[in-house]
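One structure is given below, represented as structure tokens, and several questions about it will come after.
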Amino acid sequence: MAFPTRRPEAPPTPLNVGILGATGTVGQKLVSLLSGHPWFRVISLMGSSRSAGLPYEAAVRWLEAEPMPAWARDRNVVAPVPSGNLDLVFSAVDSRVAREVEGVFARAGTPVVTNASPHRLLPSVPLLVPDVNPDHADRIRELAAGSGFIVANPNCSTTGLVLALKPLLDAATIREVMVTTLQAISGAGYPGVPSLEILGNVIPKIPGEEEKLEVEPLKILGDREDGGFRPAPMAISAQTNRVPVVDGHLLSISVGFSRPITVEKAIRAIRSYRSPSADLRLPSSPPRPVTLHPNGDGPQPRLDSGRGGGMSVTIGRVRPCSVLDLRLVALVHNTVRGAAGGAILNAEFLWAKGLLGSGKRSKRNQARGEPVFSGPAG
Amino acid sequence: MAFPTRRPEAPPTPLNVGILGATGTVGQKLVSLLSGHPWFRVISLMGSSRSAGLPYEAAVRWLEAEPMPAWARDRNVVAPVPSGNLDLVFSAVDSRVAREVEGVFARAGTPVVTNASPHRLLPSVPLLVPDVNPDHADRIRELAAGSGFIVANPNCSTTGLVLALKPLLDAATIREVMVTTLQAISGAGYPGVPSLEILGNVIPKIPGEEEKLEVEPLKILGDREDGGFRPAPMAISAQTNRVPVVDGHLLSISVGFSRPITVEKAIRAIRSYRSPSADLRLPSSPPRPVTLHPNGDGPQPRLDSGRGGGMSVTIGRVRPCSVLDLRLVALVHNTVRGAAGGAILNAEFLWAKGLLGSGKRSKRNQARGEPVFSGPAG
Amino acid sequence: MAFPTRRPEAPPTPLNVGILGATGTVGQKLVSLLSGHPWFRVISLMGSSRSAGLPYEAAVRWLEAEPMPAWARDRNVVAPVPSGNLDLVFSAVDSRVAREVEGVFARAGTPVVTNASPHRLLPSVPLLVPDVNPDHADRIRELAAGSGFIVANPNCSTTGLVLALKPLLDAATIREVMVTTLQAISGAGYPGVPSLEILGNVIPKIPGEEEKLEVEPLKILGDREDGGFRPAPMAISAQTNRVPVVDGHLLSISVGFSRPITVEKAIRAIRSYRSPSADLRLPSSPPRPVTLHPNGDGPQPRLDSGRGGGMSVTIGRVRPCSVLDLRLVALVHNTVRGAAGGAILNAEFLWAKGLLGSGKRSKRNQARGEPVFSGPAG
Amino acid sequence: MAFPTRRPEAPPTPLNVGILGATGTVGQKLVSLLSGHPWFRVISLMGSSRSAGLPYEAAVRWLEAEPMPAWARDRNVVAPVPSGNLDLVFSAVDSRVAREVEGVFARAGTPVVTNASPHRLLPSVPLLVPDVNPDHADRIRELAAGSGFIVANPNCSTTGLVLALKPLLDAATIREVMVTTLQAISGAGYPGVPSLEILGNVIPKIPGEEEKLEVEPLKILGDREDGGFRPAPMAISAQTNRVPVVDGHLLSISVGFSRPITVEKAIRAIRSYRSPSADLRLPSSPPRPVTLHPNGDGPQPRLDSGRGGGMSVTIGRVRPCSVLDLRLVALVHNTVRGAAGGAILNAEFLWAKGLLGSGKRSKRNQARGEPVFSGPAG
């Protein structure tokens, strides 16, 4: 991704960031995407005890098509311990350890921007997609701005779904959503799906995925309320499939409205959709968070996942549904928009909204009171 | 497929059959499956002017994993012209020519058992799946048994869908069906889908497929009535995807009932389902036309398409749906049950029901009156 | 595989066999291929401590396209302990444990027919391909027939290579062999190759494979001599690649002879090749162990690996080489001929040659003296 | 590809270029790579009569992952007719028509930089890889600089092979080369390889490819001589395979030297290789035309084809060969370095060497004498 070099809202000096789980596939994508980032400077690559102490190059099985950035190669992986000179940590750790380690950082006063799932549904944790529900970040201010907290981006398929639904929601009330996904193998990390299971095959189940896809959008699309978030009043039914595709989750969606809208109106809503955060001109914000595919047989994962630098969700095949009201297809780049890129966008948004401190670390640390994260201890 | 050697209802001598479109992928599968068939003997391989006159081996790009049967290799491909010594033709011709050529044979008095689509919705043509709607074959008798007619098997995905729905229909009234398919490349024939389009990719549109999947099941699951068939009163919404799988169409299905049934009842209905034609013990009839997959992550195309010799539809992931009532996944072998094997089963069924004449060709031909096929001339 | 039902040399009662490593991919293939075997009856499925005590169905992630045989499902996996009622064990254990566990069985007096690599190069262990070097089995007799011993089949690619070379060797002296392989993922077992590494990709290295491919053929194609085997005087150079294919290793081979032979002579040699063990009519012996592909662009893994029930090596593209003398391509089904099927053929051959005892277990056990296996203790 | 914006040797105004065969896969890649090129401006997209008259967007099935450049979308495809305002045409036409149409342009005085094969072996046509045999371009000057001529880049696999061999050739004399290729489907264009042939499969033959790979390198690696080129005195033996990979041809190479060199010396030669044209700093010239892969299991097509913007050949697995002297693996991006990118680099090189006229079209056209291309008329 090429970043614009100058923006009014850039931090005076780059923020010092760490990556939790830097050796995994999402961690690698974070390392890739943060290389040359205008606002963030990676000063700490954190990994498990298996990796800690090794140079990053030796600790990681690099699976990105871009070569490993030179700055990362010799950097030693360190244990995940909070430190005063981190303005922010990105978390890409495994769900099994995320609950504990993210809580440790948040309680130590370090903002955590996480891709992991355990904290996503907590009332103290905004589940944030700045192009969809930017007001949810206000929850942080409500708690105690500038101190430790956790902000999560949703599951990769959820990200695609809420971005696909948002333009329609602005035009009408959605009551029901039926979604069947065709998900890429990179969503399972590494080693992830054995090739003997998926080559020339489909696996019609992804453990835990359907639950996330049926619940997370309700929080994101719901309203802020005192002390948390009120789920959107809609029903979602999901069936998830793994397909032999490297990157890009495709969602076959059917939507039922309270009062049906025409296909033309739906297309207009998608075409004219602008991110409510567009005026912030964040470095990772694509020109259009949701775009309409020009052809009748798109979007397609291999060809279209990279649109908008991997940050745009592409919609296609908008047409009437003979059971609910509207059928459409959406594509999201699962490791960029749906994971690492989504987390970076969240961090950029938090900075732009003044929720990440001043970038002057010493000062902020002095002024810091109690951390605000109040999730269970893990 | 291995055929039992002896059955009470076998023809006294094997019926002489021809294959229209013998060089295409479905034609090849017919050649494979009919090798050693106890009831049918292929005496004529018919092809287009490009192939006619060539030995089959030279005319065909053989794509079956089984080697080409020895009997077929040197057989000359001939032009598609009706002949008195054919008891039956199987048609696997391209839809664009099927309308005309099938009509020619039917009008000449030769029963046509077709896999092609053009005649499927005609009121004079039963759209037959003997395990689902065997009574629809009575339409032939109504017209004029023994004479020329056309019997069609449905689209490959439709076959999977109606077999998946039939056990549920026997237990409750279905009002709505939502289906998203993940279809194998063999469904597109040869050369079919270019590898540059599908390798590591998904194409979220298959031209013409959704229309078939939304309409054909209504005819199959509907009732016979005087002069034709009355569509079942249900709504189907379909979205079809091509995936990089060789054989096996997977269907992600959601069903809405007039009065919901429990998951347990649905599973019992599937488990206990027996073909209404089971007592005929047809050579290609699988022990169970519909089976339940034992594991939570099945069925899977590469592992399970071949169940029941490719003639069983496998069901999995039966569970509640939060929008309609019941979610399930079904898998059908698209070139066997969904095409060549389905056509062969239809022919076997027609014989067992006395709708294919006596197998004594000369006699039958003398006694034959007007052909009954009354579709448009093509 | 369908087995002929009657053969003169069948054991009076089926031999009782066990499978070491029954839950792995080769173990599963053994379970599949031994179902209904006319000579062997599986009485013991042995696995690691992780599996022991579980029903086979619960212990295994079944990856065969054929459903798990009914007899195996409820059979409890047991620990690998020698027992007097086993006439023979097939070993499909991981190389890391094979050395020890196979030695335990052999020393206890149970013949071990193994697919694992550790003992392959020992002078007391014949590396046997009955269609290539049947006389190597005589080594067993030399040691002490009827008692415990180990017979190994070679690496899957080696099996393909020696079967491809043997007809040529019968026609001329081979001095040099250059081989580049394109190997299927099933060769790596399960979980084996992560899909993120191999989907739409090639990995130009398979650890340990090239060493085997350069050394094992020399033993197989060499002569028996007192106390062991003398390597064939030829040089082999190998480069091995993993490709996204499920089953079937393809070998691109170039051969240099002492005195070049014409392409025509080479083709004649391949065409006319008969196994030296053909007269034994072993159940798993294919009609032709080596066949010539009829087309100019074959053999191909997905279409041709199953020839001869997976037991035939298919040759294609025989032509002059502008650096050495002759170029050709060979295909071997890596999990059938190259692993489980090869082991079963070895066991059949050993029986037919009188090297497996009488099949009357109690008698044989009484008469049994010292085991002959003299490899290191593991 | 991002181009540096300023170079000393840039043309005063961008050269006007046309693309012959602009709708094919290589034509699309040319359109992509020439977007924003600092030296060349595409003013003419030429196609067959089927495409001529249509907007490019309507005429092409776009298969690049980058969206179609905005400037190309509405540009009308035109018939391939020479015109005075073209400084140069890139040719990506099918081999069957290349002979004629390229001759027409060359004879009309327009320099043709072609990726097509028909003229490659003509003595009047340099087969040019500027990082390997830049002196071959002098042949143009010998004929009559500034006038119409044809310069060809080699077959995609040949490009990879000569770049892999060149560093070794600078260190020792190569006598024999054995090469087995694993080639991507994009090398066959569109529709190219049917998915039913290649999904989960390997095709061990690519028509015409081996002949090119055995002959073209001899011209490239040979010497210029009066009136043409003298083939290098070495023997090459090739076997080519199609594998299910999208982009990137992998070559398994074995090299025999007159006097063997050590692996260390070979690695040093590869590591230290610099293009003889490096000082020209051409826009498409990668920092290193040949690089060594850092890991023991690389290079791999999906991960490494894009190195150096797709213009670097990556070498791995350098080791002794037990039949010839040295084994290695090379990877080339077949549609970039091996096709479109290679052609663009050739054009840049021709400009930098003063072989493309002054960029002031009117003047040059007045001064133009007879075209120099002397191939057959087609």
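We just call them A, B, C and D in the order they show up, numbering each chain from 1.
Keep in mind that, in the parts below, contacts are C-beta pairs under 8 Å (C-beta built on N, C-alpha and C of every residue); 3 or more make two chains touch, one makes a residue touch a chain.
Here the structure is a predicted model, which means the values were calculated and not measured.
> Taking each chain's centre as the mean of its CA atoms, which one is farthest from the centre of chain C?
For chain C, the chain whose C-alpha mean is farthest off is A.
> State the pair with the higher C-beta contact count; candidates are B-D and A-B.
When the contacts at B-D and A-B are counted, A-B has more.
> Provide the C-alpha centroid distance between chain A and chain B, rounded to the nearest whole angstrom.
45
> When the centre of a chain is set as the mean of its C-alpha atoms, what distance in Å lies between chain A and chain D?
41
> Could you work out how far the Cα centre of chain B sits from that of chain D, in whole Å?
Using C-alpha averages as centres, the distance is 49 Å.
> Where in chain D do residues touch two or more of the other chains?
If we look for residues of chain D contacting two or more partner chains, we find 63, 199-200, 244-246, 302-303.
> What residues on chain C touch chain A, complex-wise?
Touching chain A: residues 25, 63, 185-186, 190-200, 244-246 of chain C.
> What residues on chain C touch chain B, complex-wise?
2, 63-67, 199-200, 246, 302-304, 306-307
> Touching residues of chain C toward chain D in the complex: what are they?
Within the complex, chain C contacts chain D at residues 176-178, 180, 182, 199-205, 214, 235-237, 239, 241, 243-246, 250, 252, 254, 256, 296-303, 316-317, 321-324, 327, 329.
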